[in-house]
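Worksheet for the structure shown next.
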Amino acid sequence: MKKELKLMKGNEALAEAAIRVGCDAYFGYPITPQSEILEYLTKEAFNRTGMVVLQAESEIASINMIYGAAGCGKKVMTTSSSPGISLMQEGISYIACAELPCVLVNVVRGGPGLGTIQPSQGDYFQSVKGGGHGDYRLIVLAPSTVQEMVDHVKLGYELAFKWRNPVLILTDGALGQMMEKVELFPQMERTNEIFPWATTGKTKERERTVITSLHIQPDKMQEINLHLQKKYKEIEKEEIRYEMINCDDAEIVLVAFGLVARICQKAAQLARTKGLKVGVFRPITVFPFPYNEMKNLADNMKGYLTVEMNAGQMVEDVKLAVNGKIPVEFIGRMGGIVPTPEEILYAIEEKFVGAAV
Amino acid sequence: MKKELKLMKGNEALAEAAIRVGCDAYFGYPITPQSEILEYLTKEAFNRTGMVVLQAESEIASINMIYGAAGCGKKVMTTSSSPGISLMQEGISYIACAELPCVLVNVVRGGPGLGTIQPSQGDYFQSVKGGGHGDYRLIVLAPSTVQEMVDHVKLGYELAFKWRNPVLILTDGALGQMMEKVELFPQMERTNEIFPWATTGKTKERERTVITSLHIQPDKMQEINLHLQKKYKEIEKEEIRYEMINCDDAEIVLVAFGLVARICQKAAQLARTKGLKVGVFRPITVFPFPYNEMKNLADNMKGYLTVEMNAGQMVEDVKLAVNGKIPVEFIGRMGGIVPTPEEILYAIEEKFVGAAV
Amino acid sequence: MKKELKLMKGNEALAEAAIRVGCDAYFGYPITPQSEILEYLTKEAFNRTGMVVLQAESEIASINMIYGAAGCGKKVMTTSSSPGISLMQEGISYIACAELPCVLVNVVRGGPGLGTIQPSQGDYFQSVKGGGHGDYRLIVLAPSTVQEMVDHVKLGYELAFKWRNPVLILTDGALGQMMEKVELFPQMERTNEIFPWATTGKTKERERTVITSLHIQPDKMQEINLHLQKKYKEIEKEEIRYEMINCDDAEIVLVAFGLVARICQKAAQLARTKGLKVGVFRPITVFPFPYNEMKNLADNMKGYLTVEMNAGQMVEDVKLAVNGKIPVEFIGRMGGIVPTPEEILYAIEEKFVGAAV
Amino acid sequence: MKKELKLMKGNEALAEAAIRVGCDAYFGYPITPQSEILEYLTKEAFNRTGMVVLQAESEIASINMIYGAAGCGKKVMTTSSSPGISLMQEGISYIACAELPCVLVNVVRGGPGLGTIQPSQGDYFQSVKGGGHGDYRLIVLAPSTVQEMVDHVKLGYELAFKWRNPVLILTDGALGQMMEKVELFPQMERTNEIFPWATTGKTKERERTVITSLHIQPDKMQEINLHLQKKYKEIEKEEIRYEMINCDDAEIVLVAFGLVARICQKAAQLARTKGLKVGVFRPITVFPFPYNEMKNLADNMKGYLTVEMNAGQMVEDVKLAVNGKIPVEFIGRMGGIVPTPEEILYAIEEKFVGAAV
């Protein structure tokens, strides 16, 4: 089959992928810099596959519609940007507890508050530690190209249904707006599979299905928590994804996810032209986080430099991975500002080589 | 002056403290296990001090009323329990960015989801890492007695106004329901101080005040972020509070906050009767977190055992503090179940002494 | 073609008719005694025709989704019962002003307030005089059989699209729950007609379409009002529907709509056995109201007796029709209670024959 | 005591009256042309009397807060303009059924829909026939001067508490914005009267009070309806208020409420200079409506001309009053346009004198 290549904006590519993966329903509310997703789906989805696309009353309505529709065993998606995702935290905790599959997308903008509409990675903690209440985990994918904006939708649904767990695609306003050539996967069938856990209506052949996150008895609630924690451990064993670029001989390794990882690659190249052995470690899943891989790599290195578009969030996970073996440094930009390769190079020299020239 | 001692439930004591500290307004929505706060205030507050007490339409309405009223420079409070606090995450991020003082209270119940109404510490990450979006921090106080439920209200407003930052009192359903003798501080005046940053109406004498968290220009948003981060560093320098119990000669130190710290004290006593030198480190502020104090203490110890009513959250901060110097172990209970001293003792023996008998 | 006869509940028959008429979308929120409509559609609609069926966040969300979807030129429906319809009054006024076609259904229950779940006609005024603000009119159809519950859905969409006006089917809890044999019309195609007034997206071939009910300039707003009033006058000329039963020789005519008209027929029969010449006038459209037909009939009569399940609402329209020519009496029951033929007979005798025996 | 005269805008005068009458709480949401009420109260009320003034989340929240606070036996008020009042219809029906006293204010703007912000009387039907569901009635006061905007607040609370019924002040955008000299009544005490029907908390001395509008048993709901209807009949007997100006010898009488009645007075003067005996009948209460007074007056007249800022609403009540005795004509303006005395004079001549010159 011939490859289908297309020049697309990140947000539109993600929306196109949602249609092609056979999504059954999208519920969302507009917010910059991701409104193109809703707009694209509104125009394209229903006529092509019958996919329901609904602008809900609010982000709260959206996430609760996701809860309901996911409970029917359907492929459902919502997308928003930082403040909108904050509004969904209660619902996300419910869905995680009820173990329902769905794909959520956060096209992060600079915060806190209404902040700016420029790109940011300021929602890392919210995404991986749990912005909602209670001990739950999302599987968090961090695309760094428009191609991955497409691929992670497909991967997202595979993981969501495999583990019956919400998957969050953690991207940012720059990736959402950026145009790149993407290879699109062929249109997939919307399935009518009836899952045993889904509330599809009681028939003679099956038991009544109840989906809830309310378990008043502590024993029952403890049991559910133990089950969830066991599942998260398995996810940590099986689903870690990452990329190492020129790390074999590296003395200094830049750690970055998403868009920033691409800038780090450029910075590493600049560094190598100056004789500095610099590599890049890019977590693709930020939960589960590649703690062991990062720890093992540390054995023959001088130090890690974590680069983020925030005040320093993932750096805590890098430190937890390394556990004191080698220094873990941090450089970040905030307010919607993207760091440049030169800034990163400067930080490498300053922190690891001695006073930068 | 004679001390005023009273036997009170934690929730009621906290409500009484809110009246006495001269709170101007309370906005909230009922949820177990903290509805007594709203009920107590409804009955007592208005007639005694003119304090406005309002049951809002929802938790979202509550936090936005807090945003508005805090912007007027008033002493305002909302309280809720886990799912209700998740609903407030957008608003909390706005308030933190706008640098407004207020006191929020989370009487944590077992999650995730609707969970159980029993006590839990499952919202630690949400509280200290930021459940909302963007880089912001709450000052988080963790009372471990009904007395501290009272004292932290007073301390909370002092810190909130000193730093113009929201303060979260992170407590739990057991402390809220527990009756203990408390010493109440005397009724304070409600003040009519006009703060220069507050939106109290433009007069001839003063400039127009604008409170917002929206700053479209990245430069401006970066500036705000740098200012916030600088403030958080200062808070980390000045406001750390903690308690060390029998740590001088301790080889093993239990780390716990809130209610669990009391159980740890009992466990430590049991351990000492068995000849094990065990102490307790209780962070009172969990943000700012006593990283240095914990690191320094580690020099002459065998290991830390973090005890939490969750799947392991604060333990990450303990590990970050220790940075590999000594082992950091964890024991936790979930689903609203409170660990017993015996379980903790068993864990000490198992993890540090060798196979428990 | 063979007739398709089926024994069905009123609510389900109406839902089935919505599918068969080619409805594109249903938005609603459950409330007794009409929740079967949402339930039936949820089970049946999407798989048969791709019709979107959505349980919205509330009645307010429902009516605003109706506003949006009707603006796209789609066949859309919402249903509710009395309190739920009250919540929609703002939205209904917007839709009427924006001249959008849609079918609304009120399965009336006894009010005011939450009232009872038993049948009532207490929402007549709200339906025909305008429960919302401003001078607007709904076309209001009042079925009196399960068959008409079906037929009025088809008729409703014809009128709604012919006049670009919301149509209200005013029925009640008894008709909704009653089982009768109905003849169903065959499945109609969902159309893809692009209406010039609909917001279907600007293309090269067509002008931008704007749908709004906001017109700040009084001149413009007056023009819109004059246009609406002209339309309502035409509707009053062309669309009046009613039924007269044994009125040719009648000296006393019972006026009733909906379910009560059937009870009146029985009462008229009883009266005739007693030698009283009694007929029944049943308005099928209550807006437009058959004022002239009722006035003309009055010429050779002794009096009208209006029978309603309320405190006397349509009776005002009967009086306006008759304008003093002959007496207009009223008998009604409230609180969800349905009058019996005997009660009505008694009222006839009491009011027109002299003291009843 | 010296009279307190002040030049005030209608909206502000009404707000000032709310403070002086000893209102306990105001809940509202801003909408043109009545936002000055909320603004004035925000600035003035709390400091002067401790009156709670709260901008709620929406009009729905406002009316439900009114429901709750009125249930405590407090003097409560909300105000809005047409679309906002439509949003309150469910709540108003609940409050009417639960028989709670409160004062609601509709500063009517031109509709339907969002319409215009100019004045209108398009909400007459909604106000007097019941925009909400079920058989209920509001006592509706129609001020025609800024002075009456003040006086009707006082009268409103007297009637609301006397009859335990919501009172609606039906005014318009022109009266709200108009400045006139008013005489203010002196500040009244906020009372702490504990009403036997109010939910003020069960004590040893009193029975539990339950306020509800839900009565599932039809018998009970019928009983409540009969009680309400009986009350409305008594209100119709006791509370009718109206003004007749130069009607003694009038052959033609203009009927108008609110602002329009003043324009009618001017039109009547113009008519008299032309030799036409014209008077003005101004209902002050539009429910209860002065049916009998209008009927009796008709005996020696040629005809009524109803003048309204709408498409013809009160004219139906005038016709019901007259019941065919004499002609009842109508002239109206819509879209926020106020009729001029000349237009009215022209209509008098055209309709009653023969072709106007």
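Letters A, B, C and D mark the chains in the order given here, with residues in each chain numbered from 1 onward.
FYI, a residue touches a chain if its C-beta (ideal position, glycine included) is under 8 Å from a C-beta of that chain, and two chains touch if they have at least 3 such contacts.
As the structure is a prediction and not an experimental result, all values here were calculated from the model.
**Student:** Under the document's definition of touching, what chains do chain B and chain D have as common neighbours?
**Tutor:** Neighbours common to chain B and chain D are absent.
**Student:** Which chain's C-alpha centroid is most distant from that of chain D?
**Tutor:** A
**Student:** I'd like the Å distance between the centres of chain C and chain D, where a centre is the mean of that chain's Cα atoms.
**Tutor:** Here chain C and chain D have centroids separated by 29 Å.
**Student:** If you average the CA atoms of chain A and of chain C, how far apart do the two points sit, in angstrom?
**Tutor:** Averaging C-alpha atoms per chain gives centres 50 Å apart.
**Student:** Suppose each chain is reduced to the average of its Cα coordinates; what separation in Å results between chain B and chain C?
**Tutor:** That pair's centroid distance is 56 Å.
**Student:** What residues in chain C touch two or more of the other chains?
**Tutor:** Residues 60 of chain C touch two or more partner chains.
**Student:** Which of the chains are touching one another, listed as pairs?
**Tutor:** A-B, A-C, B-D, C-D
**Student:** Which bits of chain D are touching chain B when the two form their complex?
**Tutor:** Residue positions touching the partner: 43, 50, 52, 54-58, 60-61, 64-65, 68, 201.
**Student:** Contact residues on chain B for chain A in the complex?
**Tutor:** Touch list, chain B to chain A: 60, 82-87, 89-90, 93-94, 96-98, 108, 110-118, 120, 122-123, 125-126, 129-136, 212-226, 228-229, 310-311, 313, 316, 319-320, 322-325, 333-337.
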